[in-house]
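Please go over the structures that come below.
You will see chain A twice below: alongside chain B first, and alongside chain C after that.
Up next, the complex of A and B:
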């Protein structure tokens, strides 16, 4: 097992800096997921860790040793690529043995190690096939097998499930999590899919624009997003937002949004804020009668998922779309006018200018301890 | 009214018709005519056709010159395939690396330029360079103390000279094809190999060459077929000489047809060449299938 530290890591292509001083610690045996939208720099970070991309500035430490200038093979890592990167002219056994052959491992030992890895991944029957004869899921297993057999300190995964269909992706997700528990190795996993991140990670690093926005456990990020980006990125459907100026009256603060001034409870700390964004998760918004709601909205669509219903609506006849999640089957027609109650005890308040989280309900802040 | 399928078929035929007419005039009809002529003795003056069965084939198979030209042709093929495909591959590997863009373009252009120049023109230039007394090459050889080499006049060297020109002329074409193939290898394969700790030699021999093997085999086949048909450069450089040292099968056919006026034996030689080309290509395809296995 290995530890990994990134210290002020920067990466530039010509004069364009794409990674802007990233600091990150990955503990022994930890499953760390780097998640972010396309083009955020997460794969570049992984490739720098692997040694496939040079580091422009900063230090990369594996087990406390700076490895910036070490070639990939010296770093004790193995990588699983998005497109599997299996050598097409070699059989599965040859693919898995290739790295060991380069390390001059004795032939008998290679055979034993490949057989053992194949047993672990239940791919013994595929050992004599070539990659062209494998399905996507089988190829992925072989790619993982090729990584396992080298017994690396750190596993690197670059969006390994994105070429698989939805059902297989869920299956492989579970298998990878099991594999992590069984091997207990440090794993760094890159994905743009926040569901993968939430379900597999011990900790998640949310990357945006070449910077780490927040690092924490999945529920930590869900319940206590540090800023607007994390709040919007983590959670599906995404958090509903309403942004507007804050005005102070003798009755307390008001949020001016959707052409109305919504009273902000005294318990919500918006002191010193001129513009605020209030975020509420879809499962926390309540649909009520129009006269009982804080805002009224027109239902534009409802999606019946069987165990839950997603209601899409436009508050106060605006172009904005809010999503409300209700457990069970809830029937409401498009075009219906409803009231929506804002549960301030579930709200997140962000400074609209800086995007930083300013306040969140105590219930959310303490939920991780529950 | 015609069905959609019939209308589509008619449109398809109309589109291929121009190419097919050219094919008929310049390939199919001469091919069929060759089959016919190979069993006749033709008097071109009286336009008299006498059926002789397989006598024309007997004639060429017992003609030692025919076998000499076959031997010459296969020597030319083996050397030109090794030169064009082997050297082309080595140079493509050399060019397929991170070099400053201007240098890369200059190198690629300089290798490819001979491909664009007419073979007749190239042959005349090389004929001058290879000239025994006045040639530039022998001039420099004399300067460094090596005497004159009979590049085109010494029967043991002449075919080698022809091969040098062929490789010089055509290697750029193969370099471009190999470069395109090498650049088509997924980057992730190279990265996986680098994580596996493979050396440049191992990457080249165990990953890159097997990956582009179909292209290599195509080039070998292409060069082989081209070699079997070699004519124009030899015609200009040595006209088959000295003696028959550089005479190819195609030259034999031409001399039979147009110098000796034996259209029948020339056609028999042409058909024999066709059969040999087919056998060689079939062998290459079998080797390719065996070598490439299941992908």
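Up next, the complex of A and C:
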């Protein structure tokens, strides 16, 4: 098992810097997921860890040793690529044996190790096939098999499930989590799919614009997003947002949204802030009669998912679209006017300019009680 | 009982039927154009083969007949019994074309790998300057090449025909374009596995280059087999002579009766090209059919 540390890692292509000084620690045996939108630099970071891209600045340490200039094979890593990258001219057995052959492992030993890895992944019957004769799921297993047969300290996965259909993706997600539990190896997994990140990770690093926005456990990120980006990115459907001005009164600061003046706790420093953004998860909003709601809204669409209903609406006749998630089957017509009850004790509030979280509303609720 | 309208009578069905007829007639028109093209392409081959089977007198008959009046193999007998060493030239042509083809494929594949998969300073400049070589007319190179060959003492040997053709900018360009279109992950995966550049080239990249290798085999083998200029300038003796110049010498040996014999020589000469094309064509299909990357 191995540890990994990134210290002020930067990457530039010509004069364009795409990774802006990333610090990240990955513990022994940890399943770390790097998640972010397309083009955020997560794959570039993984490729730098793998040794496929040079590091422009900063230090990459594996087991405490700087490995910036080491070739991939000396880093004790194995990588599973998005398109599997199985050599089409070789059989599955030859694909899995390739890395061991490069390491000059004796032939008998290679055979034993390949057979063992194939048994682990239940792909013994595929060993004599060529990649062109495999389904997507089988190719995926073989690609993982090629990685585990080398017994690396760190596994790197670059969006390995994105080519699979929805059902197989769920299945392979479970398989990968089981594999991690069984092997207990350090794994770094890149994805743009936050569901994959939430379900598989021990910890998630949210990447945006070449920077780490927040690192934490899946529920930490969901419950305590550090900024607007993380709040919007983690959670599906995304968090509902509404900006409003902050005003000062003799009684302290007030955040004004939807004709309501919400008192800002005295412990929160809002000096110099003119505007804040309130965020509330779709499952925390309630649809009520118009006269009982904190705001009124016009329903624009409702989606029936069977076990839950997603209601899209425009609050207070604004252009904004909010999503409300209700468990069960709930029928409501487009164009209907409804009331929305906002549980302020579930709200997150962010500085609209910098995006950083100002406070979570449990504090607000308790301050109101005070 | 409810009346049922049969599908062909419905407006939708009628429109569908007429659309299908349009497609059908379009296909027929394309087929006719292709057929005319095929006949035009095959006609010279047919005339070549038919003339080689005619007696010498019939070859010059006016008006010419489409099929030989009298099918004879005399031209073939005379060709192989002639003082011109046809089989020797045939062998020379084969050796030159085969060695050149293998050489071009190896050098161009290695250059393409370097240009598409490695990073080194001045790579693009080097590639562009190599492509500039394509713009130089071959005739311009003949004199410097001749002096070069003469200085190393290989004029009038098959090496004077093989060595200048060993590197081919067009082949490098084709190979590079193909390699660039292939996913980099194959090489990267092998690199992570600890493979050297040579292993990656030899065991991963080269086996996947079936389509350009097949296409290049046809192009290089054909152009080498048909090359007239180099043997005309660099070779004087029959020992190193190849077919294009050698066939020309048949005319001086047989004079007016040479047409049937020349056509017999040409008929035998085109056979290897057919074989190369048939083998390479099958390989192209096999290469495209297998892939390890899910697209």
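Simple rule for what comes next: the second predicted complex is superposed on the first by the 336 of 370 C-alpha atoms of A that agree within 3 Å, B and C clash if a C-alpha of one lies under 4 Å from a C-alpha of the other, contacts with A are read in each partner's own complex, and residues count from 1 in each chain.
In this text, contacts are C-beta pairs under 8 Å (C-beta built on N, C-alpha and C of every residue); 3 or more make two chains touch, one makes a residue touch a chain.
Just so you know, these numbers come straight off a predicted model, no measurement behind them.
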TODO: With everything superposed onto chain A, say whether chain B and chain C fit together or clash.
DONE: clash
Open item on the list: Between chain B and chain C, whom does A:288 touch in the aligned arrangement: first, second, both, or neither?
Closed with: neither
Open item on the list: For A:271 in the superposed arrangement: first (chain B), second (chain C), both or neither?
Closed with: neither
Open item on the list: By the touch definition at the top of the document, which applies to A:163: first (chain B), second (chain C), both, or neither?
Closed with: second
Open item on the list: Contact-wise, after the overlay, does A:99 reach chain B, chain C, both or neither (first, second, both, neither)?
Closed with: both
- [ ] Figure out whether A:219 sits in contact with chain B (first) or chain C (second), or with both, or with neither.
- [x] neither
Task: Which superposed partner A:139 touches (first chain B, second chain C, both, neither) - done: second
TODO: Would you sort A:77 into first (chain B), second (chain C), both or neither based on which partner it touches?
DONE: both
Task: chain C-contacting residues of chain A that also contact chain B - done: 50-52, 71-73, 77-79, 81-83, 85-89, 98-99, 102-103, 130, 132, 146, 150
TODO: Would you pull the chain C residues touching chain A in the complex into a rising list?
DONE: 183, 185-186, 188-195, 199, 203-204, 207-208, 289-295
Task: Of chain B, residues touching chain A in the complex - done: 186, 188-189, 191-199, 202, 206-207, 210-211, 213, 292-295
Open item on the list: Can you tell me which positions in chain A touch chain B when the two form their complex?
Closed with: 50-52, 71-73, 77-79, 81-83, 85-90, 98-99, 102-103, 130, 132-133, 146, 150
Task: chain C contact footprint on chain A (complex, rising order) - done: 50-52, 71-73, 77-79, 81-89, 98-99, 102-103, 130-132, 136, 139, 146, 150, 163
